[in-house]
């Protein structure tokens, strides 16, 4: 049962990741592409956090009287994912700034329209 | 094109699911990730860094260099945003939207 | 009066909120070692104080920071971080080895100090960047 | 101080980037001095690090005093040291080259431009130096984000190009990170050396296989390996000329280097799924080489032509990996060096011509040899190198690649390489014909000539001319002394000792 | 052996490269530019001929200044065969330089700086080809020669020149790439590619593989040598200025190809292996075919330079035939024909150029009675033509005689018939020009008006050398002795006596 549950979570993460990818490939709207990209990044973050999980363990802040490796979840993925979140945030920020500029110029965020505008 | 991306996505989904078969169970206390590097953080971080928040200890001390990179990324985000929004916007008026 | 949302209620609420936000930001910064929190969150809070001021009082806010200053500040904030690394190198340790800080303290006490210093750097960087982005977004073309 | 060279190489440009806005605010001249000094200092430290790596062997630098795998380490061996020297060298040249382009910009733009430029350099250096897989991701993002920002500063069309690059690049980074996640899940470590050890017993686990596939996809997107090259042509075409020579020269090479590290050092070329992946890489790269070259022939814009040629040339590197024996790897690594220098040189020329004539179309290259002899001379050398004619550098990477392919009995690759160099000849000699031989029929007035109004200047501003000439001569020297690089820099580090 | 000690071969290569640099730098001052050319040419002759005595006594000067690819050195090796080519090229460069200066000035050509610089680089590459000690070195200089010749071919920069240049590049680059495959393949199967008298490939691979290698190598070298059907670029390249054609046809480019064939047969495969895999017979037939067909085509050309071009194609195939006969005398004849043809053909081209500059006539049909106006030129031309036809007492006879003996040595008298047939054909396409010049009259050329002296002297010089060598084949640079030495070396056979029946 546990095994199945475990795999289901991985499967869900995989589905999320692939959703993101599919959105990026398929959507023609730049904003939607960006959102899809975010979904993809988030799925990776969840994936890492899932890896660091331990059954019956608490969050990795030491509490008096609670000792032993098995009592706390793995802090490393958390630390890594803090970095990854910040990176994802920064990327999104830059992307939004770009979209603002594109909207300014082409008054549209649909890829075909923009490409037509670029050729002019 | 749509079909192609669909096919590619489904293939990737299959791959990811196949790959996850080899991963440790979620919550497994004996998984490599729980056994190899991280025990030291949990056991010694407070002694070594004086920080009871293990995530902070890892983030700001054991892997502080990553965090430097992270901070730099934020700085880049700010710098890039300003470069894109402000300096380029100035050219819009000056050069009538030159594309080159 | 060029105040986008200049109402009495906002003005009053804002006047009491900003100091709290800032104090809370500093608290989050200092307490980051013990509970969830740290430089990133603190920086965001401090920036919010400035952004809130701008939102309420408009461009003539007394408590204001220009985008240009902000991005310079962000750079300097990160520089505190990187600079500490360089200093530790100069002091004979490896890069970012806080134990090399030449204070007469035990390594266990030096390390939290180092963490604090870099958290301050992170805070300033995050604050600067958020303000700078906000400034860039709200700036009109004629301000350049 | 000398034991800190690896970190100084990365951190000096980074610090300079952080102070760049302030420096620019204080004085526009200051930011230029700071930036160029910083890159130069990084060049010096990277060379010193390389020299030490050559004499004393591989060099581990531990951050914050925490031994790996708990902390982060830098690993400088002759190969990574060599590539850091390459990056800082080209970075230095392009930094000088960019000066005239930025002279008249506002302080803010200059400050941010230099900040981002230095951060690209720093990020790429970090990627090459690091011995930690997650640290690599962080520096990958540093260099990528800075690249997006700089590319977007080239005008309206460049914002679209930058956005697409951002989307695809971030997808690539996500793939990479997910792959690292799979590997982390089964090994529990992020340190490269540690992971290499812990991966060996579990090489056939599905998680390892898929993790490596994901890493390959991620890096393939970043290095614009066909068919994942969609972002590259636009990004290279519309990016500002002050920065694109560097990005075009180096940015796709570093992911290629990481791929090499990953597959040949961490995993091992013969183990697990790597042979299968390499086979796929080989065929995909072969296809990319041919299609990239054909696309390049079809272009009328010089920079776009170079961009497609980059797609093809990255294929050479991947092909070298796919050939997989020592000669193939030597060829691939040598081509990382060669192509970085050649492509940078070509984009420098493109920028110079743009500066002088305001044009990028190949049909506007008429009669340029007379007006810009040194630039077009460098172009001719670089073009010959791209075609692979001796004694330029490009010939020798081709030599090793074909040698490796014949040794491995992979005849289709031999045919691809040879065919591709002929296709290269077609599109480069077209430009050479235009600029050296053909005469413009009364179209002279159409060309704007910036320097005609400014007396006392010769061909191009000196700051632009020097890098062009240095890189042009560099291509020849790299060709003649390639054996030194192979035996000094590559031999010890290649799997199997380079026998 | 002075291995790595004697830097003369390297200097022989570098001196004109340095000159090329100086020429480019002094582009605005014609006199200085030409001064560099002459200085370099003289220096090259001195260097090359100073090595002659060493080589004549059978020694080989070797030099490996640096390793240029992993396990492969830039390896220069001065042996008898290389010496023939090097001495010939360096001597003719000086002659051609004087002639070029006259021609270019008389023709008021543009882009002379590029012209002289490319010329110097070409000679550098030719030296490199002559002294190359392994296939990589050979290939590097071979490709440099290809590229350096390109600016010369397109020198006029008009549509026709560009078209000719394209054709030239297409042929040579493709061939070069094919040869590269073969060279790397040899490197793989033999573990090295240092030239060795008598070949080093025996037993390294299956016959099939060796056949493919042989075909690729022969395509690579054959394109420059103009073997049919790979000759297409040569007539198109005739748009180049005449000294270039002279250089292309008589001295450097095509001879590099022919020389390459000799090297491949004699020093890579070895005659025996080359024969065993059947390449020799095939090549001999191709050469014979080329000889006959090119002569037939030459007869129909009216443009003098084109006619000479097709004649070159035929004559080069003599060299190739010599190699393909794989007999000592055949090789001897082939090698000596490099020399013989060089002096004869350069004379002919010099004459064509002199006619062009002096009277602006390019077509044979317009040259009736030109002998009246330019008696010396046309006399030289006639000597050259007779030599090409194989008349005794002119140098062409020596090589053809040896070739014929070589064919008999192999027991294939049919090639003797080919040689004779070709000689007869040559009489029909070249000698009539001289006949027309002297024995017809035309009102167009009433009085004497010779070419400029700086053009006339070189062409008279080469014509007289053609005669001197025809009478004393070993005079001067001991070309004949060198050829004999080399053939002996290849066949490991001392029975080959000097004189070869002459």
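So that you can tell them apart, the chains are marked A, B, C, D and E in the order they are listed, and the count of residues begins at 1 in each.
Operating definition for what follows: contacts are C-beta pairs under 8 Å (C-beta built on N, C-alpha and C of every residue); 3 or more make two chains touch, one makes a residue touch a chain.
For clarity, every value in this text was computed on a predicted model and none was experimentally measured.
J.: Listed by label, which chains are in contact with chain D and with chain E?
T.: Where chain D and chain E might share a partner, there is none at all.
J.: Please state, in steps, how far chain D lies from chain B along the shortest route of touching chains.
T.: So the least number of steps between the two chains is 1.
J.: What chain lies farthest away from chain C once each centre is taken as the mean of the Cα atoms?
T.: E
J.: State which chain is most central when centres are taken as means of Cα atoms.
T.: D
J.: Please name the chain that ends up farthest from chain D once chain centres are defined by their CA atoms averaged.
T.: Chain centre farthest from chain D's centre: E.
J.: Could you tell me which pair, A-C or A-B, is linked by more C-beta pairs in contact?
T.: A-B
J.: Distance from the CA centroid of chain A to that of chain C, rounded to the nearest Å?
T.: 25
J.: So how far apart, in whole Å, are chain C and chain D when each is placed at the average of its C-alpha atoms?
T.: Here the centre of chain D sits 36 Å away from the centre of chain C.
J.: Once you find the CA centre of chain C and the CA centre of chain E, what distance in Å lies between them?
T.: Centre-to-centre distance between chain C and chain E: 78 Å.
J.: Go ahead and note the Å separation of the Cα centroids belonging to chain A and chain D.
T.: Centre-to-centre distance between chain A and chain D: 28 Å.
J.: Give the residues of chain B touching no fewer than two other chains, as numbers and ranges.
T.: If we look for residues of chain B contacting two or more partner chains, we find 16, 20-21, 23-24, 31, 33-34, 37-38, 41, 52-53, 55, 57, 59, 61, 63-67, 69-70, 72-77, 79-82, 84-86, 88-90, 92, 97, 99.
J.: Hunt down the residues of chain A that sit against at least two other chains at once, touch-wise.
T.: Correct list: 17, 21, 51, 61, 76-77, 80, 82-83, 86-87, 90-91, 93-94, 97-98, 100-101, 105, 118.
J.: Would you please write down the residue numbers of chain C that are in contact with two or more other chains?
T.: Where chain C meets two or more other chains at a single residue, that happens at 34-36, 71, 75, 78, 82, 85, 95-96, 98, 133, 136-137.
J.: Okay, what are all the chain pairs that touch?
T.: A-B, A-C, A-D, B-C, B-D, C-D, D-E
J.: Note which residues of chain D are touching chain B in the complex, please.
T.: Going through chain D, the ones touching chain B are 14, 17-18, 21, 63-64, 66, 69-72, 105-106, 108-109, 112-113, 115-116, 119, 122, 126, 134-135, 138-139, 141-142, 145-146, 148-150, 152-153, 155-157, 159, 182, 184-190, 198, 202, 205-211, 213-214, 238, 360.
J.: Flag every residue of chain D that touches chain A in the complex, lowest number first.
T.: 134, 137-138, 141, 145, 148-149, 152, 156-157, 159-160, 162-163, 166-167, 170-171, 173-174, 177-178, 181, 184-185, 190
J.: For the complex, give me every residue of chain B touching chain A.
T.: Checking each residue of chain B against chain A gives 1-2, 5-6, 8-10, 12-13, 16-17, 20-21, 23-29, 31, 33-34, 37-39, 41-43, 45-46, 52-55, 57-59, 63, 66-67, 69-70, 73-74, 76-77, 80-81, 84-85, 88-89, 92, 97, 99.
J.: For chain A, which residues are in contact with chain B within the complex?
T.: That would be residues 2-3, 5-7, 9-11, 13-15, 17-18, 21-22, 25-26, 50-55, 57, 60-62, 69-70, 72, 74-80, 82-83, 86-87, 89-91, 93-94, 97-98, 100-101, 104-105, 118 of chain A.
J.: Quick check: in the complex, which residue numbers of chain B touch chain D?
T.: 15-16, 18-24, 31-38, 40-41, 61-66, 69-70, 72-73, 75-77, 79-84, 86-88, 90-91, 97-100
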